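Which chain is which? They are A, B, C, D and E, in the order written, and residues in each are numbered from 1.
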Amino acid sequence: MAYFSKHYHNPGTAPGTLVGKADGGRPVNIRVLDYTGEEVEEVSLANAADCRAYLARDSNTWVQVNGQADPDTLRNLGDLFDLHDLALEDVLNTGQRPKIELYDDQLFIIAAMPLYDGENLEIVQISLFVGRNYLICLCPLDEDPFEPVRKRMRMPNNRRFTTRDVDYLLYALLDLIIDSAFPVLEQFGYQLEEMETDLLERPNQQTLSRIHGLKRELLLLRRVLWPQRELLTTLMRTEDELINAGTQVYFRDCHDHSVQIIELLESFREMATSMLDIYLSSISQRTNETMRLLTIIATIFIPLTFVVGIYGMNFEHPDSPWAMPELGWYYGYPMVWFVMMGITACLLWFFRRRGWI
Amino acid sequence: MAYFSKHYHNPGTAPGTLVGKADGGRPVNIRVLDYTGEEVEEVSLANAADCRAYLARDSNTWVQVNGQADPDTLRNLGDLFDLHDLALEDVLNTGQRPKIELYDDQLFIIAAMPLYDGENLEIVQISLFVGRNYLICLCPLDEDPFEPVRKRMRMPNNRRFTTRDVDYLLYALLDLIIDSAFPVLEQFGYQLEEMETDLLERPNQQTLSRIHGLKRELLLLRRVLWPQRELLTTLMRTEDELINAGTQVYFRDCHDHSVQIIELLESFREMATSMLDIYLSSISQRTNETMRLLTIIATIFIPLTFVVGIYGMNFEHPDSPWAMPELGWYYGYPMVWFVMMGITACLLWFFRRRGWI
Amino acid sequence: MAYFSKHYHNPGTAPGTLVGKADGGRPVNIRVLDYTGEEVEEVSLANAADCRAYLARDSNTWVQVNGQADPDTLRNLGDLFDLHDLALEDVLNTGQRPKIELYDDQLFIIAAMPLYDGENLEIVQISLFVGRNYLICLCPLDEDPFEPVRKRMRMPNNRRFTTRDVDYLLYALLDLIIDSAFPVLEQFGYQLEEMETDLLERPNQQTLSRIHGLKRELLLLRRVLWPQRELLTTLMRTEDELINAGTQVYFRDCHDHSVQIIELLESFREMATSMLDIYLSSISQRTNETMRLLTIIATIFIPLTFVVGIYGMNFEHPDSPWAMPELGWYYGYPMVWFVMMGITACLLWFFRRRGWI
Amino acid sequence: MAYFSKHYHNPGTAPGTLVGKADGGRPVNIRVLDYTGEEVEEVSLANAADCRAYLARDSNTWVQVNGQADPDTLRNLGDLFDLHDLALEDVLNTGQRPKIELYDDQLFIIAAMPLYDGENLEIVQISLFVGRNYLICLCPLDEDPFEPVRKRMRMPNNRRFTTRDVDYLLYALLDLIIDSAFPVLEQFGYQLEEMETDLLERPNQQTLSRIHGLKRELLLLRRVLWPQRELLTTLMRTEDELINAGTQVYFRDCHDHSVQIIELLESFREMATSMLDIYLSSISQRTNETMRLLTIIATIFIPLTFVVGIYGMNFEHPDSPWAMPELGWYYGYPMVWFVMMGITACLLWFFRRRGWI
Amino acid sequence: MAYFSKHYHNPGTAPGTLVGKADGGRPVNIRVLDYTGEEVEEVSLANAADCRAYLARDSNTWVQVNGQADPDTLRNLGDLFDLHDLALEDVLNTGQRPKIELYDDQLFIIAAMPLYDGENLEIVQISLFVGRNYLICLCPLDEDPFEPVRKRMRMPNNRRFTTRDVDYLLYALLDLIIDSAFPVLEQFGYQLEEMETDLLERPNQQTLSRIHGLKRELLLLRRVLWPQRELLTTLMRTEDELINAGTQVYFRDCHDHSVQIIELLESFREMATSMLDIYLSSISQRTNETMRLLTIIATIFIPLTFVVGIYGMNFEHPDSPWAMPELGWYYGYPMVWFVMMGITACLLWFFRRRGWI
């Protein structure tokens, strides 16, 4: 459904209720990446409870859960990492607005990653829990969108990354999430340009439908990107001990991108609205031109038809000199043509003076 | 009445005046739910004054008054629980905007619960008084909308609920009130989608009327939902002793929902406004197409009619070679057809080049 | 004049200049109501200077001046109660925006009371001076709009009113002024509803004119109601010694009404704007329908007229088989009818398929 | 030029560069008014340097420079009164936005005075330098707009004015500048009213052009009046030693006027925008009415013309009973009339039922 | 591409990645201007590393890098002046929004200089690094836009410039960048004026296209000018030791210009939007006029054609007095003319009364 994509429990349901989706049959894929400045270890886990081993270690642990999370996995993770019921409910009920919540010694972040295949815009909800030495990232997609980050961590020279705390990992993931709006907007930009050409050259119902669709998607995108910017403002300014001062300059950069994305979005929205006006003006202009053509044709031929109609009348009275004597004149017929050409010439001159032809 | 649904006293009436409605004949239904961590007791009372017994006890008491409250009941409650005259007046004069007021050792809250049956949107005013160990909830509906909460409290395993103070009960009720906007918006979303299809495929007066109606209801809804969000912001941040710090995380969640609802509402409003533009554009486009058809038909047949009109003229002069000699030509008639087909061909070619046919 | 109703002196006039209006011939009506908790005394005064007697007493005095105040009366009042020149100028030059000004030991308030008779909206400027034990209220109307307050003060059981300070009297007057917007908005609401029906059923120039007029009046109303709300915010929060803490809860109630009125007003304005769009759409839709009818009629009859025109031609050549042989066929005439009915049937089928008929 | 009236130096020019205008040939007119509580002395000076004499005295000096200031005069004044280069540049490059700048012991103010002659709106830049005991006012007009102030100062009873410091003089000048917007807005108000009548009664291209022109002028006016209000807010709140506390109540009054002017302006702007919509609606409504007339005429006469066309056909076959036998009927001709009147009656009934006639 | 001109790395790329553009083949041009109060030295460098010599001296050094910077040059500069990786990435990925960032002992500024050649608007990103005694300015253009500043520094009398710190140089450059928007807006102003005339006199599709184009460029310009204003607000208020208090008055002047530019821009945007409405109204007005002409012509001639059609009918029945007896009347033909002229006169009178002719 295009307008309402939020999952919600029935009003009156107890807070923190976790109910799986009807079609949530596919198993989730849990990948753990445990790193210190010295080494990076990657494993796939069958069960959320197996993370316990990494939690105790003096290393940073990135737990990535891909796929539609089922209530059991969430409950396991919740017990293990001491996650709040309300947060788990938000993870399950996708379609949340991006936000950041500070629990005692944990950050809970919901971010939104836009994906666009040229036709449909999908907003993927990424949920992140950040603790002192772990980061849990839940993504409902089956394939891992964070592979580029993983790749950078695996590279031999990247001690710059692995020697830092998990807040830098958080930055890396958020940066990827934020920046994924750029290709989406680039595509929207191309579409706007196409529409613009269409609008002025050949406006039709389909252009209208496309502009409307784009406007709807820009609105949808905006609904998640604005709170995402606030999220970054909070991160950039927070004085929580989980966020190092040295990482804040990176969050500032990320915030910058976020602002730029929103400004692009807003100007796209404005142009899309303006295009609706232009569509209407173009159509009116075309109607006007059509009307002119009709008026020219009708204004020239209707009087002429009247003239020839006159001489189609059958008045005849052998004795009356008033019974259409023109019909009997020697030059009657050429004179009618002459009159008609005169009328036509006058009208053509009139239309030319008004700039219609 | 669709635009003005506020009850008010005549200007100059003394503050705190309680006057029953003309049709307020039905008796109210008073239900008390008294709970401690150990037990939950439910009774129906005939008279508001009977609440006194529960007030003295060391337990939490939820007094639920369903139905259109009459002045006497309100005065009884007011005397018993020491409620402010202005607050009671607000309870009686429904159509108030949601608000929270802090009296000495009491909170007074007005909330708005939207109900939508697919045709009419009704905003039900819920009035709440919260004291140290009691909560009074007045709802003008005859049937109790808070039955789900009652059910959760009755469940054997729900000590999590009953061991808490009345602020948690307040949260439970407000959460239900806020969340009841989700199904309403979901229905509005479906309607928008339907209208969108109608607009582009078969715009008509009825679609226009529906968009207008939806816009009006969104506006009505917005008028109560914005102050309701402010109410929750206040609750979330208040440092009153009636609200425990541990409950504030729940109010934060509730506030989150409230923000999400408003953002949905605003984007619906924007889409509804955009749809009016699209309606206009669609209609103009259709007028344009109608005009084209008329112009094509008229432009082709009017000159032809003129041509055949010419040869319907009755010029005849036995001796004049100028008296429509064509009529007497051997191939006169086919030639006229030939000329007319030529004209038609030219015009068809002209229209095709312009992309009209 | 509808757009500019402000009285002003020529630029460069000295501040505090008091000039009477050209037509200001009617005498003002000065009524004093002097009250303590024990008794309420009412007198009519001929001269503003006679108030002096009440000023000295240890009672609260309400001086009500009804009618268009002349400069002399104002100067007398000003001397007696030590009113600022600029304030007196504002009293005389009606059409001021509502405001509150704190002088040393005096409050000066300008409020705006809307009156609507179904046709014209009038904004009456009420000027109030509040001192420690007196309140002066100037109202340009001839009859006293505050009679209901006076009545409440006269009632035997109303010690609740008379034992309080003049700030409560100020509240009572402001409450009446604010609440007098409710009946006005109620009438506007009914008008909007009427217009809405008209718009969708029979849009015409008059509806347009009414919507435009309503919009103008809403704008006028809004121009005074917004600053009036700010005025109440100030009163609600002020820590001046003239306003008791116990009265502030009443001002809060008044502020609440004020906010509600503004929200209603804003949604009316939005609906009125939306109605202009709907008017335009309705008209376009009607033009479209008119066009369709014309197109159907013209498209059917123009070709038929061409056909009958053909057989009105006078080709005749006794020897030529090409000279309209159809005219001489046995079934010529029925065949023409057959052809014409065929054309009509095709066109009707075409229009039905497009959903036009 | 209507849209861009700012004077600026080429980008990269050194700050404080003073270049005279090409046409700046007229000499300026320097008038000094020196006053104490005891006496008021007025002189005209030939040279800016001659002000020096007054500067040393223990009196207040008002230096008024009328006419397009040339760089030399400005440099002289600048040297004498120690004016900042950037301020002098702003005086010369007219078209600045109103602002207030606090230099060490000097205030620099740029204000904008609107003048309207019914056709063109001119914004005159007034530059003011205020020191401890002098005020310099530069005005590019040739005649002095501040004559009314001068007149008040000359009056015998006006010690209230002359005993005060120069900040009161500043108030008097600013008050005149601000209030000069009232007559301008009054004229705009009349024009709006005229346009409104035109719009609904006889919309035409010229009305459109006037609305557009008014909108442009309101926009221009708004661009200077908003910063002027901020200027007054600053003056009203400043704690600079150049502004006495006793004068601030006057600046508050002035600020009040400024707010009122802006509110009027904004509502005019809104009405002008609304009028564009009404223009469009009116035109559409007229097109609709025109269409209806055409459709009624065409729908009635086109079928009738077809009918009479039928009996203009020349089918004749002496032996065939099918060759237009109607032509030979005894009542043929009246029957045709009967049929045609029947058709007309039906169509008229149809149009009446639709409410078209 | 008109809508999306931002360069960005693929989401997930490491921060501070420097990748040259595909076409970035041209060598950059590095010019150093080293100045003290005594002397000004200018050199062109082949290699960024050669700046090292100037860095050590006790003079102010302005390093100007013109042309599309390649990653190597940037890395060299970065190593030499200790520039942050994220800043260098921003220099390379042009299309950033203007901003100011405070690193430990360095300011990093991105500014946007608009260039307009009458057809295309180009936004040039200028990157500035300011340290204690150096300023690095990177500009992707091949020719140096800051030549006017260089010229002022070379002038013999300009010790006012060279004796100051680099913050004054920063001001001089920013002033030039900001002020370069004035000529752009001046051109836009002229275009608006042209369009306005076109709109009201001869609206056509091309005008529409130009308005739309201008709106897009104003939007683009606005997207960079707003953050540029914020940048100047920061500079004006910053208490960083790199900015002297004496220079802040210059930044204030610069900020003033920035505000003025934005206000002009916003009013241009508003007028452009208003022009779209006027275009639509003009077109509708023209359609209306076209319709009127058609209606007048059709309404006059269609009934006349019907009349002449009547007497073209061939009813003849030798014995029937009903078989079009008019045809045989003595004054039949003149009477028809008389009737037709009567009809015409009535219609002309009708049209004149409605004000159509």
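Here, a contact is a pair of C-beta atoms (placed from the backbone, for glycine too) under 8 Å apart; a residue touches a chain by one contact, two chains touch by 3 or more.
Since this is a predicted model, take the numbers as computed values, not measurements.
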**Message:** Between chain A and chain D, how many steps is the shortest route if every step has to go to a touching chain?
**Reply:** 2
**Fill in**
Chains in contact with chain D and also with chain E, listed by label, are none
**Prompt:** Same or different: do the copies chain A and chain E touch each other through matching residue numbers, with over half of them shared?
**Reply:** different
**Prompt:** In whole angstrom, what separates the CA-based centres of chain B and chain D?
**Reply:** 41
**Item:** CA centroid of chain C to CA centroid of chain D, Å
**Value:** 25
**Multi-chain contact residues (two or more partners), chain C** = 277, 280, 284, 287, 291, 294, 298, 302, 305, 309, 312-314, 324
**Asked** Put in order round the ring, from chain B and then through chain C, what are the chains?
**Response** B, C, D, E, A
**Prompt:** Which positions of chain D touch chain E when the two form their complex?
**Reply:** 1-4, 6, 8-15, 84, 86, 96-97, 99, 101, 202-205, 208-209, 212, 215-216, 219-220, 223, 273, 276-277, 279-280, 283-284, 286-287, 290-291, 293-294, 297-298, 301-302, 304-305, 308-309, 311-314, 324, 327-334, 336
**Message:** For the complex, give me every residue of chain C touching chain B.
**Reply:** 146-149, 152, 158, 161, 175-177, 179-180, 182-183, 185-186, 188-190, 192-193, 196, 200, 249-250, 252-253, 256, 259-260, 263-264, 267-268, 270-271, 274-275, 277-278, 280-282, 284-285, 287-288, 291-292, 294-295, 298-299, 302-303, 305-306, 309-310, 312-317, 319-320, 322-324, 355
